[in-house]
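Two complexes follow with chain A in common, the first pairing it with chain B and the second with chain C.
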Partner chain A sequence: MSRIVKEYKKIKKVLEGHGEAFENLIVQLAPVNEYDLLSWKATIRGPSDTPYNGFSIGLTIKIPSDYPISPPMVKFEPYKMPHCNVNFQTGEICLDILTRQHWSPAWDLLHVLKAIEQLLQEPVPESPLNVDIANILKEGDRTAYTGLVRYYFCGGT
Partner chain B sequence: MSEVESDSYLSLVYEDELYDNESMELYESQTTAVHCTDEIPCHKFESLQSYESEFDIEDLQFDEEDESEDEPLREQSTHTLDKPSLDGSNLPNLRYESLTTDDIFQRMLQRVDHLQPVLSIPAEDILLLMQRFDWSEERLLEDWTEKADELLIGSGLKRVHEADKEGENGLVRGIKHRESFTCPICCEDKTETFVMECGHEYCTDCYKHYIKDLLNQGNIITCMGCSLALKNEDIDLIMGSASSHKLMDSSIRSFVTKHNRNYKWCPYADCKCIIHLFDASSLEEYTRLHCSKFVTCKSNHSFCFTCGYEMHAPADCSVVSAWVKKAKKESENLNWVLAHTKECPKCSVNIEKNGGCNHMVCSSCKYEFCWICGGEWAPHGNSYYQCTVYKSDDDKGKSDKDDLRKTLKRYTFYYRVFNEHEVSAKLDWKLGQNIGHKVRALQESVGVSWIEGQFLPESLKILNEGRTALKWSFAVAFYSDPSHNLTKIFADNQLLLSNAVEDLSQLRQIQDPETIMQRKTEFYNKAGYVENRTHALMECGRDLLRKGICKTKD
Partner chain C sequence: MNATDGRETTKEAFAYLNQTKHSLLPDDIILGHLVNYPYRLAFSLMEAVNVHYQEAVASSGLLINLQSALDIIGYFFSTYAVACFVIALILNRFVLMASLRSNTRTVLLPVWSRYTVHLMAIVPLVYNITQALCQLEVIAVFPPVEVPFFLARTFLIFAWSHCVETFITTTTNLKPLEESDYTIFELSLQFYFLCQSPQNYAQLQGHLPDFLTALIGRVLIHTVEMLDLRRYRLWSSTILNFFSIGYLAYRVQHSGLDSLPAFTRIRHFPKIFSIFLILLSVLTYLLACLVRKNPFSSRQFDTSELQFHSFMHNWWNHLNCTGEEEFSSVISKLALLLCSGTESMEKGIHREFSPLNAPQNVHPSYFVSPYMNRISTIPDDADTSAKCVDQTTNSNGTLAFVTRVKLTFNLIKHGVLFYLKGKYKARKGSTNKSLKRSRAKTQTKDCNRFITDKNYVKFLTKPRKVGTENVKEVLLPDEDLSEDYSPIENDYEDSDTAELEIVDVNNTPSGENMASELSQLLAPNDTQNLHEDMKWFMSVWSILSRTQFTEKRITRSTYASLNPEGILAEVMVERSSNLKLQSTLYENEKVTDNDTSDQQMELVCVVCRINQRNVVLWPCRCFAICEDCRVSLGLRGFKSCVCCRSEVHGYSKLNAV
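Moving on to the complex of A and B:
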């Protein structure tokens, strides 16, 4: 458990320190309540040059009891996330480093958010959880992709 | 009728004079008794004796097995002898061997030995490369000749910057004992750590947690901080001796699963055997002829290589899958069928079945009845087993609903008989578990040799095979066109086998060793008869399938 305590302290420092590589990415990364470090919420900025630019995106993070041997469980919540590697209904993310097999105990939550940023920049339509968006991407229709993402963010269902 | 008369299962019926008359009558009327008589057709006696000698040869082969190195193990005989037509007509003889993950791993180690002079890197490293390439020597060598260095780096055997010696801090891989060390993973102060050339150092407790689950996955395990690979010796150092064996085992397991065209796990619970079929391409020929390749593992479990079910002839794999699917769907409605106890139809005392024989005698009122249909036994014993044939009601309800009910009723009947035979087979098998004791009892009390006592397990084996064939024949019957003449002939063959099986099963309930020895000839005789009837039923079933009379709807 003291590992997550250490991370907590580090994250606080990083987010207060500014100037870090995380400033453009992280709006918020904190435990849901200060007494329970097993449940976190995060808000990240949609990366520029992506249809997500200009939007804030919410995530929840659950820390398993054997963290960091096991990876954290990350989901897009509470808002629905239109992305070809995200289950639209559940917010579940298909990202290799979040699986037991590819996760390294040397990584931390900041690594995880970096990896998610990268996924937003480079979607992988070959292994889709959202087939509709994957198909649009495979056709290379950037305009339709941006349009669809924005439609969902602006209240579409 | 003339169309089928030349077929082998019929000629087999006609084969010896003893059954000639009966079978002739069988196809004309349906009334004459066919029963196993006590007379001995002597060629059958011989055929059973040859079983014994085959047993000897097999034992010898088993002993030699350890010495055979690269050579694939001999085919474990499936005890079918060399009867030419048991596997259908011109089927290719598919050779196979029964292995364990350890056997396969030993072979891989031999390949590593062969590769070592070629690659000239430590054997440990080659093992790791083989693991990475799914144990394919060819793919490994291909990549090696093209880009050996890249390969070593990509497999975590070499560090990217190793060449320029930068960051070389004289670190030797291994366990370190420290005064005080704050582990970056658990953030606790620890004294025992594991460090690698990359400089990444973590406490051994963290490494233990990390490695533990990964052992089951069979992939290369790396440093927790980078992609440098942990070798088997490192794993054993951290986790305790022979822990890497588990990793190798998982890796071989995934090899077997990935190569499931040639390798199949024995489907029996807790069995660790793997069947390796040398030439899987000929399996298609089997499928085309509605035959199945049945294999037997080292622990003597027989199963179909294609679908993994028990020996299911005369049914082919598609009949089996359709039948099983249907049974699953209907099982909720039909659970009552599975009950192992029944009330005596006369006095309602509860009777539990303790052997496979379907000839029941009520312990209370001594009423003799048939377990399957509940009817009085007398007609069963002396005439055909009428309870194996579904008798459709002649009421001519024309509506769809009635049709549906009729279909269900017909299915229920076949399902019920199928199940009863399954239960019987299991009970017979249970009895067979004590067969070793029985043979020993024979040896001790009657003074027969081990070889002489073998007729007992052999007859049990034949009984089981007969029951299994009978059981699956009901799946074939269910999917067969009831109006076709061959379907009727098939039903007749079922009756004959059913009778033969019940007869042998009854004999097997004798407990007294001396009586068993006295009736040894009867065992031979009846087992031989069951064998022939099984054979005939299988042939007939295959014909139904080949001629398209037996068809699953999808």
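Moving on to the complex of A and C:
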């Protein structure tokens, strides 16, 4: 439990300006409520040279009670996320390091966000949660992919 | 047809069931049956009790008659009862005697005494087994003897065997092995019954298999004790019981259950009932597995989600067997465990709290210190120590014999190879050159790499013979082929004076006279080579400086024996210089990468980020977690290192000071 406190301090420090590595990625990463560190809200920038470039993407993070042992539960919320490894309805993310088997207690929330950024850069259509986008990606139709993503972000459902 | 026949015969056999002639009301009026049926039922019940009571009184088989009462009382006054009592007293004395001694010390009887005493019990037992077989007319070694005499002798031998076993085990602070199926009391009862009347003698044939099993069981116990193989006792007992139960089944099949004497039936009932219960549970479990696996549906469920999965896979651990128990007690324990609902529920539950409640699933990795599984702590020694580990692990227990066989085989193999090589050499002298070359190749290894602070003594006291071409590389070459070398005798005796003076190697005497001395001493012929030989000069620098200091020329071996610490320090300095270079590079990188304020955070456990790191995991040697986190990770079944994901085989706790 106190681990998340430590992490919060570190994240604060990193976001205040020391962490150049995260400047391009994180807009906001903070607990919803200062007194409850178990649920977090994050906003990340869409990485450049991806269709998400220029958009801000919202995430909610739920910290389990045995946190560093179990992975945090990360979802794309409150906005829908068009991505082949993200469930469009629930926002659930298919990422191996967020599963119990592959999670390592050595990682923290910054690592998780980094991994999500990587997932945005390199979608894995082989294990899709959003079959439509995965099919588009499998066909290699980048234009359709970009168009679809932009459609959703700019006023689509 | 058959059904109606059956109904007819039933009616005839139990005439009292047919009470249709009795009726309170005529059947044809409304609700007449309602009254008549209970009435007839009550009537038939009364009739039935009456009829069966009459039968029982007539046969007198059900009631305890005078004869059986006399039998029971008679036993307590028989010689067998007295003998049983006396033996029980003797055994009790043995046990008491043992409890009076200190039981903290393990007493080991000399091997010869153990063998003699157990053989003293085994020989009569084997003799009696043969006699019993003769009595059964299976073999004809001895002529059959009178039944009471045979029984008395069997009883005495049995008692003797018990005494021997109890005496030996209590002297050596162990628990005596026993057969709970064939206690002395039970046997005495059985023998008394057989001796009771001459018509009972005929029943000996039926009882003999039981006696045989008991005798063989005693022989097995003595053998196991004699050869010091107590932990295999369960196996021998299981095999014996397997055969005896198989024989019983055969007899029941061939001549019916009645052919078994009552004693045998009572004796074997608990065992067979336990086996039945166990089989039933296993069958139920297998059915559950089958339902879970469901070969007809596309969805396959994992059987490990079954409630009793972990119990079924670890029943042996739950039994807590050491192998010294006997078959019947183990099997009844297992049956009890299966039948007692709550206990097996507790042990079988697996789903709810999987990582915590099933300790057998925990990988030992996070709990095993490397000293226990003998992972080499010094990486450079890994190759050599691996062999040692093999030998040491083999040498314990029964594997020692296998090792011995392997060793002799290797000896023979090498002997033959040596002989063949000798022949080969003699025939072809020319091949010697190529042999030498290959040997030279193997020698070009960097010997310095193999020196650590543990094994340097080996190198210093017994320098290896090394080829001439890598003089520069080895620490202290045995042979010196430089021209000015002349070994000095008789210097050795005086060296004790030199020993008293402790020279700091790093503190080399400076000055030009030193350099001139050096050039005089070394006097290299060609100055071009000087630069190349610089390394070599450096390696002998400390020796020369010492020579200068003590005004005496010393050989390398003398120097080595005088100043091992100094040499070690040199080796360490030389080796660490390379490492330092790497580490400084690495640190520079780190400093540029991270904030300087985070430097302190670096040594905090990566999992809890609170405690200091103090646990190193093996074999990946990641130094990342603290003791608390090691325990909690291990309990939750983590098998791989949190940092590098390689499998963990052990840990070391460091004490940072």
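The rule we apply is simple: the second predicted complex is superposed on the first by the 155 of 157 C-alpha atoms of A that agree within 3 Å, B and C clash if a C-alpha of one lies under 4 Å from a C-alpha of the other, contacts with A are read in each partner's own complex, and residues count from 1 in each chain.
Throughout what follows, contacts are C-beta pairs under 8 Å (C-beta built on N, C-alpha and C of every residue); 3 or more make two chains touch, one makes a residue touch a chain.
These numbers were taken from a predicted model, which means no experiment stands behind them.
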First, second, both or neither for A:P105, with chain B first and chain C second: both
First (chain B), second (chain C), both or neither touched by A:P72: neither
Which of chain B and chain C A:G46 touches, first, second, both or neither: neither
Doubly contacted chain A residues - partners chain C and chain B: 2-3, 6, 68-69, 104-106
Complex contact set, residues of chain B against chain A: 184-188, 200, 202, 206, 209-210, 213, 217, 219, 222, 224-226
Residues of chain C defined as touching chain A within the complex: 595, 601, 606-610, 624, 629, 632-633, 636, 642-643, 645
Chain B-touching residues of chain A, taken from the complex the two chains share: 2-3, 5-6, 66, 68-69, 100-101, 104-106
Footprint of chain C on chain A - complex, ascending: 2-3, 6-7, 10, 18, 68-69, 104-106
